[in-house]
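There are two complexes below, and they share chain A, which is joined by chain B in the first and by chain C in the second.
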Partner chain A sequence: MNNSYITAYYYDEEELLEGIRQIKEKGVEILDVMTPFPVHGLDKAIGLRRSRLTRVAFWGGTIGALIGFLFQAWVFTQAYVINFGGKPFFAVPSFMPVTFEMAVLFSAFSMVLAFLIYFKLGPGAKPIIYDERSTDDRFLLIVKAGDADETKNIEKALSQAGAEGIKHKA
Partner chain B sequence: MYVSPIREPLIRGEKNYSQVTKDILAPMAGKPSKYWYMGMTLSSAALVFGAWATFMTIYYGIGTWGLNKTVGWGWGITNFVWWVGIGHAGTFISAILLLFRQKWRTSINRSAEAMTLIAIACAGFFPLIHMGRLLLGFFIFPYPNTRELWVNFNSPLLWDVFAISTYFLVSLIFWYVGLIPDLGTVRDKAKTKIRKAIYGFLSFGWTGSVKQWSRHETVSLILAGLAAPLVLSVHTIVSFDFATSVIPGWHTTIFPPYFVSGAVFSGFAMVLTLLIVARKALNLEEYITVNHIESMNKVIILTGSIVGIAYITEFFMAWYSGVEYEQYAFLNRAFGPYAWAYWIMMTCNVVTPQLFWFKKIRTSLVATFIISIFVNIGMWFERFVIVVTSLHRDYLPSSWVMYSPSLVEVGLYVGTLGLFFTLFLLFIRVFPVIAIAEVKSVLKSSGDHKKTAHHE
Partner chain C sequence: MFKLTKKLQTIGFAMVAIGLLALAYGFIAGLGGDRIIANLHLNGFYFMSLGLIGMFFVAVHAIAESGWQVSMQRVGEAMSYFIPVGGIIMLLVFLFGGMHHLFEWTDEAHLDRILLGKVAYLNQPFFYIRFAVFFAGWILLAWMIRKTSRELDINGDKKYFNKLRKYSAFYVVFLAITSVISSWDWLMSIDAHWFSTLYGWYVFSSMLVTGFSVIVIFTFVLKKMGYMQHVNDEHIHDMAKYMFGLSIFWAYLWFSQYMLIWYANIPEETIYFYERLKYFDTIFYMNLIVNFAIPFLLLMTRNSKRVFWVVVPVAVIIFIGHWIDLYQLIMPGAVGHEAAGIGFLEIGLTIGFIGLFMLVTFYGLSKAPLVPKNHPFYEESLHYHTNY
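Right, the complex of A and B next:
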């Protein structure tokens, strides 16, 4: 298995997008791109699918709302029935605030946790940092290398596409 | 993207990405300035005063406060509502302005969110200390217990528990998720090993890969969508504490929208108070420009006017309802023994913010600073007026009293101000005060000039 890769960087997001278009035409496989901020259109250029986090948020919120609502209903009709001046026990309007807050809480937390777990982000996580400047002002491109000849061609393609600082790592 | 030529740039000075990083990280590096130490000394002194007041309240009980049989809610609840209100600006800026695609939010959202979190912490302190027995504070949460009791889910005070804790937690993750990429930048820029280790820990292993960014944006957008109704719900529920009671002056349906706009109004005022000083002290005038100040002032005019209309509507409804108790409560507010508080509120909230209609005033830093302080004072008095004037003359004239706070109550309030400024001063040393990545993402479309490619 060939694990070697080539890194190169751009100074500008528009040059990066144009560069990616050019090297993709030449059939170079892009492994990853590290940018200092979200670059619009980059996810499409790389071919990322739509995020499924929205579904996590939806179902998290649904579960939260159900827990909140059913719990209140259970407390006031089963577990601890109190007569508040003859008002109904199953008082749906007054359950709404807590139901809403629970929905928001569960939705937000389930989505953020899913995000962190998916990317293995968390306190003390040790990421591979290819280039420390990629969180500052460089748009770092990581492409798959091949054998010696292919690598040369890829490096040439990269430099034709305007990339700088081309480095090959085995 | 088309940018209209008349629109002024959001970021001043000819910046490139690396310059942005450098400028924003600068306040975190090196030794703090002497102004920072002065601020820290003052706010810690206030904190010590608050600690004394807290000790007195816990050791001797609520009797050390100026409350009496008729006025059972005084400065405590006033401060609670005031702080919660201030805590509305941060999430409003980052959530609602994100949904409205207002790019100017990028320079101010980070510090406003931090301010929100600190303000909610200050707010939460008051209901807790008002319980008298602080250690039993956890009784407010529904948990299985040997008393076989559940909390009262029909009570707005319990809804408050849920609303405020949810708001705090969601604001906290919203703020922190936004902070992760910038902490990654701090980590990669760190010079010493310890700094690198600490920020490496805090940055959760952020790398800034395409997929991380793409999902990060999704998460931010949905969190904004969740936080927007949440912001509105929190002060709505706080207003239910009053509105669902049967006290004349509290029992009104206008309270939720009136409280929410009042909250945004006071929150923006506090953001302005802080940022006008901070931008100068931290040399961030090119990022937080007069344009930002002006935009915030426009929000102040809008929300201030809504609050003003609400005051007048309340008066009209009191008359129109034909309920003599309601009518008396309002006449007593405006012309009774607490009229001075009412007219301070009217002046600071309704009159002075209207000066922002003049472009000269809303683009003047000195005028904005002064008016923002006025709004802070006015909004404090609004809550004081609502709480105290509605209570101090109840249905039974023989129990009519006046209320004034004791030194302990003043101490608690000053203490939370100390806590607020202490934590904010720590925040500006520990975290980047401006969202670096977000500013970079609007730099091209809204920078001083189109960024030219930078080559070494």
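Right, the complex of A and C next:
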């Protein structure tokens, strides 16, 4: 978070969803929401757009399948040409299991790596604790703050919407 | 309440008439008893299985205490009305020439060593006893589930829900065992010198994906007629997930059976695929493209699963595709490459069966309210949200 932000928390998910609805009406920009468990309908409430990880998964899988298939084709027709029980050297049926597994492998690995890179969770990453109570059982709301006046208005809007523990981080 | 209007009846009977015309054509054009019988057998089995899967849809979701399917449950129940109809047709086919035209193990005078080894199982008395057991169980259990489902709708008492789950459990277990054994009897024994231990599940997965697709097709038709307005994008999304996943599952089983036989390269087993690749190769590859490549590519994205104008055409494609699947399971062994073909007999007869299946399912739909208002999960199915 480069800009300053305000954190606030709720005690349960119904209040959270209702509070989000109220502050969005007031035009407050939500940066993030942290919940102890997945909340049904939260994505829609904060207007979260669809994850791009699905595209990573698709291309990862396609590339994995191509690499797997082409590598086997090269090995068994050029590099280590061995006669296995009279089967053809370019044996498509026998290439399929490895091709499938490579697709799954590349898809899964690329999703995990993309996730870690995007959220800067590589080795040595320091955890950012916005509010310690989010590590326990509170539903944390992180909203964008502005200059001093805007911040006061936002804080007022938040407490009207039922949030507690409102803190400002510059 | 659904009404089986005169217009629908006319359409249905017109299609049945086309089927009878095709049958007559088969006799007049001298297409041969093998081919005519094989087509009657194919279509009888195909549509009967759709009835079985219709009830399976209801049963398996009742056991899982799932709520979303309640909106479409009546379609599955209505399809199960065809089980006895298909059974009668199959029985008539067997009694009037089917046994000798379809199954070489009925030719008692010319049993070779392999067929003699299987004679304790592949003999006509045992065959008919199994037939009777299968249909008695299927018809009885489907009837009890339908009855309990209707009682549940009348007074929503939890004890009927528990009864529904109990009968559903019996049905699912009974179907799992009998669908496998029946596929050996009615399909695998056509090529009696061959066998595959994966066969039963391969056939079942084929029927499963087709049955669920047919539920989608009927739901769409009903919506177009003004019924089932409570079925929304969320329900279609989940049905499309089934169509996508079960098509992949079917392809997985297809490939498992094929690859193992290809790799071991044992002539006793490979002869099965050799015949198909040599004489029925177009059908053989079309089977894979239509049943795997098309559903896999067209239903991959989330959005495609939520629009009727993608899901319903793919459902129709799956329905046609698994007819082709059954074709390459039955025709090479029952008819042979010289006499087999796809002409007016095949297409007309299938249209006739579609008409008959439509009439029976619509009749079934008219026997109970389309909307199970007192089902404990009805409200849940109205507000259902599926995510990915």
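One rule holds for everything that comes next: the second predicted complex is superposed on the first by the 158 of 170 C-alpha atoms of A that agree within 3 Å, B and C clash if a C-alpha of one lies under 4 Å from a C-alpha of the other, contacts with A are read in each partner's own complex, and residues count from 1 in each chain.
Simple rule for what comes next: a contact is a pair of C-beta atoms (placed from the backbone, for glycine too) under 8 Å apart; a residue touches a chain by one contact, two chains touch by 3 or more.
Just so we're clear, the structure is a prediction, and the values are computed from it rather than from any experiment.
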Q.
Tell me the contact category for A:85 with respect to chain B and chain C: first, second, both or neither.
A. second
Q.
Contacts for A:119 in the overlay, against chain B (first) and chain C (second): which applies, first, second, both or neither?
A. first
Q: Give one of first, second, both or neither to describe whether A:166 is in contact with chain B, with chain C, with both, or with none.
A: neither
Q: Give one of first, second, both or neither to describe whether A:72 is in contact with chain B, with chain C, with both, or with none.
A: first
Q: Please indicate which partner A:63 is in contact with in the superposed arrangement: first for chain B, second for chain C, both, or neither.
A: neither
Q: Using the superposition on chain A described above, determine whether A:41 touches chain B (first), chain C (second), both, or neither.
A: second
Q: Considering only touches as defined above, state whether A:94 meets chain B (first), chain C (second), both or neither.
A: both
Q. Is chain A touched at more residues by chain B or by chain C?
A. B
Q. Do chain B and chain C touch any of the same residues on chain A, and if so, which?
A. 54, 87, 94, 97
(Q) With touch defined as at the start, can you tell me which chain C residues reach chain A in the complex? (A) 255, 258-259, 262-263, 265, 300, 302, 385
**Q.** Of chain A, residues touching chain C in the complex
**A.** 40-41, 50, 54, 58, 85-87, 93-94, 96-97
Q: Give every residue of chain B touching chain A within the complex, in rising order.
A: 16-18, 21, 142, 148-150, 152-154, 156, 158-159, 162-163, 166, 169-170, 173-174, 177, 180-181, 184-185, 187-189, 200-202, 204-219, 222-223, 226-227, 229-230, 233, 237, 240, 437-438, 440-441, 444, 451, 453-455
(Q) Considering only the defined contacts, which chain A positions touch chain B in the complex? (A) 11-13, 15, 32-39, 42-43, 46, 48, 51, 53-54, 57, 61, 71-72, 75-76, 79-80, 82, 84, 87, 91, 94-95, 97-98, 100-102, 104-105, 107-109, 111-112, 115-116, 118-129, 132-137
